[in-house]
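After the structure tokens below, expect a handful of questions from me.
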Amino acid sequence: MTTLASEVDIEIRQQLLTHYRRIRGETEQLADPLSAEDMQIQSMTDASPTKWHLAHTSWFFETFILRQYLRDYRQFDPSFHQLFNSYYNSLGTPFQRPQRGLLSRPDLDTVFAYRHTIDSAMEKLLTDGPVNKELEALIILGLNHEQQHQELLLTDIKHAFSINPVKPAYTDSSHEDDSQAPAHILEWLEIPGGLYSIGAEGEHFYFDNEGPAHQQLLRDFRIASRLVTNGEYLEFIEDGGYREPRLWLSDGWSLIQQDQRTAPLYWQKREGRWYQFTLSGLQPIVEQEPVCHINYYEADAYAAWAGCRLPTEFEWEAAVWILRKPDQLATANMLEQRSFRPVAPAPGQTQFLGDLWEWTSSAYLPYPGFRANSGAVGEYNGKFMCNQKVLRGGSCVTPADHIRISYRNFFYPHQSWQFTGIRLAGE
Amino acid sequence: MTTLASEVDIEIRQQLLTHYRRIRGETEQLADPLSAEDMQIQSMTDASPTKWHLAHTSWFFETFILRQYLRDYRQFDPSFHQLFNSYYNSLGTPFQRPQRGLLSRPDLDTVFAYRHTIDSAMEKLLTDGPVNKELEALIILGLNHEQQHQELLLTDIKHAFSINPVKPAYTDSSHEDDSQAPAHILEWLEIPGGLYSIGAEGEHFYFDNEGPAHQQLLRDFRIASRLVTNGEYLEFIEDGGYREPRLWLSDGWSLIQQDQRTAPLYWQKREGRWYQFTLSGLQPIVEQEPVCHINYYEADAYAAWAGCRLPTEFEWEAAVWILRKPDQLATANMLEQRSFRPVAPAPGQTQFLGDLWEWTSSAYLPYPGFRANSGAVGEYNGKFMCNQKVLRGGSCVTPADHIRISYRNFFYPHQSWQFTGIRLAGE
Amino acid sequence: MTTLASEVDIEIRQQLLTHYRRIRGETEQLADPLSAEDMQIQSMTDASPTKWHLAHTSWFFETFILRQYLRDYRQFDPSFHQLFNSYYNSLGTPFQRPQRGLLSRPDLDTVFAYRHTIDSAMEKLLTDGPVNKELEALIILGLNHEQQHQELLLTDIKHAFSINPVKPAYTDSSHEDDSQAPAHILEWLEIPGGLYSIGAEGEHFYFDNEGPAHQQLLRDFRIASRLVTNGEYLEFIEDGGYREPRLWLSDGWSLIQQDQRTAPLYWQKREGRWYQFTLSGLQPIVEQEPVCHINYYEADAYAAWAGCRLPTEFEWEAAVWILRKPDQLATANMLEQRSFRPVAPAPGQTQFLGDLWEWTSSAYLPYPGFRANSGAVGEYNGKFMCNQKVLRGGSCVTPADHIRISYRNFFYPHQSWQFTGIRLAGE
Amino acid sequence: MTTLASEVDIEIRQQLLTHYRRIRGETEQLADPLSAEDMQIQSMTDASPTKWHLAHTSWFFETFILRQYLRDYRQFDPSFHQLFNSYYNSLGTPFQRPQRGLLSRPDLDTVFAYRHTIDSAMEKLLTDGPVNKELEALIILGLNHEQQHQELLLTDIKHAFSINPVKPAYTDSSHEDDSQAPAHILEWLEIPGGLYSIGAEGEHFYFDNEGPAHQQLLRDFRIASRLVTNGEYLEFIEDGGYREPRLWLSDGWSLIQQDQRTAPLYWQKREGRWYQFTLSGLQPIVEQEPVCHINYYEADAYAAWAGCRLPTEFEWEAAVWILRKPDQLATANMLEQRSFRPVAPAPGQTQFLGDLWEWTSSAYLPYPGFRANSGAVGEYNGKFMCNQKVLRGGSCVTPADHIRISYRNFFYPHQSWQFTGIRLAGE
């Protein structure tokens, strides 16, 4: 039981509680269209079952908050400590990730009971317990963690459904047929070079990997006003892009040879027409919409084919600040819109934030002076700083209040089950 | 629509209907203790989800009977033709076996609706439709097929539950503590050599692989009066059996080196005591009970260590006839006993039939003159006649009216998730 | 040092010595066309480098004979005990098989020095030492073992050369162009059923797996007068044989799907014409010649397509005795002919023995009453009696004095780098 | 045949020729202690046979220079175009890398004949042919390429020999026993922050990945005066470094779990004492010497354990310039010293350049404004700019005139068969 230094005031407690209820409730709403069986399945090692997401996010609050801060708190079920630990090796060996889909027990009702027990305890802690700055920070971390799993819940079930020949739809929100709309013209925005301040600092929440804020020296560059579209990507495919080794990074070329890949994940051709699997089931490709479920190698090869390159994460962040994009976050196509797919920007608008995570050419590395948190929470971000690429901007399934200009998402170059797309840059 | 030659009489129809209802009902009873999530999971490629078993057995009646014989029958759902085809390549490419556990759709309610639609249609066919000898044979085949999946349903869920650290119990039938009972003495039964008639013939049902009946020349041999026990197998382990290459077939030695296996599947040592995972959860090893979940290599190595050998399938069949064992089938420890585990024989009794499938040294090969059925049903048994071993006798989870003295079960030598055990033989 | 019971006489010693020199010399002659680099390479786990064969065969004499029987014999190099042990686990862990090709040291000169040291010691033992029946038997075993490796030496280098795009030729013996010759007509030979004596007995040498001699009850059958030809097999290919699942054993169908196999090993189509890689390099397919490098699944599928089946090993042995084939061994196409490929039978001749090992439908199992030798030599044959199929008759690269009617060769069903072919049988 | 613009003068030709002879001769000298069999073997996919290195480096001159620039040049052997192409996919599909060790043909004599034919043609071109700036640049590129393969030749044969239980020595240069010498004290060198010019520019040779020269903004940092020693690394091991997940990057922890790694590559404990396999065979660990054959994960974990971090490649380059290390290149422990192992620095000396490649924390990425060469030579460096880490400084097997301060070597984090070590840095 940690001793608490200085209490936060009642208003902050009240805000935390409201925030907590909203975010925890959102997770359950997202699970609502799914059956117990849907929530059980795991289609690959990278993905987890919905039920596991529901439990693991609760485990986070139990492990890092309730067991530390709530007097007399008793674990809901000691076996959960292993079952729903994701990757915190310093807390013991987690249950093996590739077999999460085999945990039919605890059943869904028990997992919901777990959630509700955690919620009651959290309410009690937030209402009656001592809450200091450190605890406040952990709660906000727990809620941001929960939001990350909201996004994963959707991308993971999309992958699982894609395997099923009956092509289930998560939502019946139909795609409007805007296939006759004119394509949105790609404009090049010129950004001047110089020293830019990069990364987060200050009182608001950000993940440890977003700091320390520091300066980066950039050269003049230009950046595209919108994401690459399905129509543009189809030109790349039809021009033989998947057959020309000179366009590809060596590891990417090996991968597409080995997987015999000739189009993005979820694309398939039926009777001469291209379709993609979406959260609304199998749908025809709409040329004006951004191309998505692109891995890094595809993004890089497309950029090479187009005579461009991908932006660095620093260029992206600098451009977004200069272009005053943060003001437009409210109108971005994100989780709250419930579109569950990327869309073309409105006429006359540039397209930044939301829609798709954008691959940058930057490796996911610590910023100068980075130090991971001490304790088990320190395993959160730092230990993944190798072999991955930074993505920026959030997607159509990211909660809008979860994203920040300084937000650094990261995936391996071969991964494409997230909502990922391409923004071009150049000299 | 096949034209029917000669009708079977009303009494046979009535028997078929009773039989059909009983067996189909038994499958659903066996699934009863399981939740929708339990029925969804698949823990390895060899195993299938319970839900898949429920659907596939119905698919068998739909595909081979209703679509051929019931006028105006319409498929319940055309997508099921691929989803629930097991391995009949001549009917189209089946859905990939290792991913059966990902089919959250159709959901369990739909699968039960499928079963009940099939059942209604079968009832209609058996009540009103034309039923000739050929159709009668197919129905009986379908019911025997269903019984095979009853056994698999139990062994597959046992394997899936074994992965889960909470060690779920399928049944709460507790194991009696007979650990103080005296061990049942192994006697050697002497069987004279000569020409023996092997295999099935006649009007009753048997699988194509049990015929043609034919003669086999046997030499004098002796055969053990009961299965090898846990206590005896423990002696083998403690004598270094898993470390002595001379006892093992070459492929078996490679396997145990690679898997670092030092005891049977489902055994584990906790604080100096041996336990095994059972359908009643984790239970202490009882020395008098037959050792089970033994693969062929282990059975063969144990026999070598004991200075004996395994019987051939012909020796086994000859011995069982000579010993008049078929009369005792009614009292055998089989599915209907709901023990869900092998038990020691009653005092003064020999132990044949039920309890455990017994590995024989015979390769699974066609009997002289064997011909597979024509048509897709012909893929049933013949195409597996390579690389597998014959097992005889049925197990504690085999329905009693499913087994026959001529019954030939077959598994790969490395497999042990079935209820398999060891009977010794010698010169 | 084993004590010797009764000496063999001088004439037998002399014969043994002559025999020893001839066979050991033959091995070196077979290696003669190869460079040190050729003798170093290992193209797959099943195969071994030539240099390893040269050393291992010497290791056999050193380990089982010289170290036991020659007074004051000192090991040539103690490290060889591990390096050149093939699979005798009871003598210690052998050097890992898949990496034999990495043993550049000892170099070839040292391996030849090893051979010659062993030869000198063996000559000394045969000339001066005490030689009893047991030692005589071991020497003959060692020489038969050496002959087995002569065959492997050729099949292994053929496989290794086949990987090399320059398609090296082991021999420049050109294939005669007999492509215009008429095809040899396949006749069916009728063999009456009855009790046949199978297996070896008596004073002459045979491997332990050929005994005990015993009776087998056979039914009437017929057997083809020659092997299946390339031309016949091409018809199978062109009829879609590799695309029709009903023709294949389940494991075979999986294998050809996985490997995308559409023709036998070593076949390739260039500009519309079929070629096969041979020990004389890449050569056009000759239709009249026997089809070779066939795995068991292919042999079985071909037989099914042809409306026939493969013979059992017992049928094969019975037929060969009845047809008085042993008399023709002298004219068979075997290693001494140095053709290094199967050929069509001479006009008017039936084709048995030599040319190709013939897949039988029999699993490789112990004969009734079989007991492996005690001691490490006992690992020779018995421990492989699982998962393999029996082949009979010897091939174009088997030494003629190595083969017997009772000879049982054995390989896994998927293997085809040996000279293997198809003989049809039927009712 | 490319038209040549402006000739280089006779003195440069002469220098090129001298340079060419020296470097080509060095490669052959390095192969000299090896037998034809040694030069044949390939112990893993990352490595190549010596013979292949000898041929491939000649192929480089033939493909990019002689076939383009030498009038009437005829290919030595057209099949070599595929066989000895490493990874230039735009020139056709190279022979599959993992099977280079199977190319016993062409034999070693032919490969040497190939080398000498190329050498004669190159001499002719350099003596008589037109040589312009572009050709000069290609020749220098070819010679640098040859030097890279000199290093690989040694690291690859070291790996191959390490598999062999007889532990062959490449060289008999014995390791001096300096085990009683005092450890060299690690000092911290303080480097001030600021804008530093990074990368190569100007007329001298450098690889495309070393440019463009550009500015990097660095913060104050400190850097160790020497490499981490075996003694220090042993402390890490003995302190449980390989068992503490918090010290490791996530991918690194997975790797050591999977490989059950508890010490660096080539280390083994015999009777309580640590040894390492070296180019002089198995040798006791000397505590004062730098620890080598460390992968990135080990380097990073060690640094974390020591409370430090690895330097970025920019910090490394800045530090080396400030410390005026380039002047000391002449005395560095590099290939010409023929020590074939890293050594402790001389008393009073700092240790930079030579000994070991130093892992930096920098991902291998293009410098701002980087463009790969056009044409097939453009596949040289750029396509590997993903998933790898930059190493700096050269090693004990790098030719001294091959290294530069701006030199960027790159390997995957899991690789450790190069001579790689650890330099610490910190704030």
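Just so it is clear, A, B, C and D label the chains in written order, and each chain counts residues from 1 on its own.
As a working rule, a residue touches a chain if its C-beta (ideal position, glycine included) is under 8 Å from a C-beta of that chain, and two chains touch if they have at least 3 such contacts.
Just so you know, these numbers come straight off a predicted model, no measurement behind them.
**Q** Compared with chain A, which chain's mean CA position is the farthest off?
**A** Of all chains, C has its centre farthest from that of chain A.
**Q** Suppose each chain is reduced to the average of its Cα coordinates; what separation in Å results between chain A and chain B?
**A** Roughly 47 Å separates the two chain centres.
**Q** Between chain A and chain C, what's the gap in Å when you average each chain's C-alpha atoms?
**A** 60
**Q** Please output the residue numbers of chain C that touch at least 2 other chains, ranges allowed.
**A** none
**Q** Please list, in label order, each pair of chains that touches.
**A** Contacting pairs: A-B, A-D, B-C, C-D.
**Q** Could you pull out which chain B residues touch chain A in their complex?
**A** These residues of chain B touch chain A: 35-41, 43, 51, 79, 82-83, 95, 99, 101-108, 160-161, 163-166, 168.
**Q** State the interface residues of chain B toward chain C in the complex, per the touch definition above.
**A** 87, 89-90, 195, 214-217, 219, 245-246, 248-253, 296-297, 300, 361-363, 365-366, 368-369, 378-379, 383-387, 413, 427
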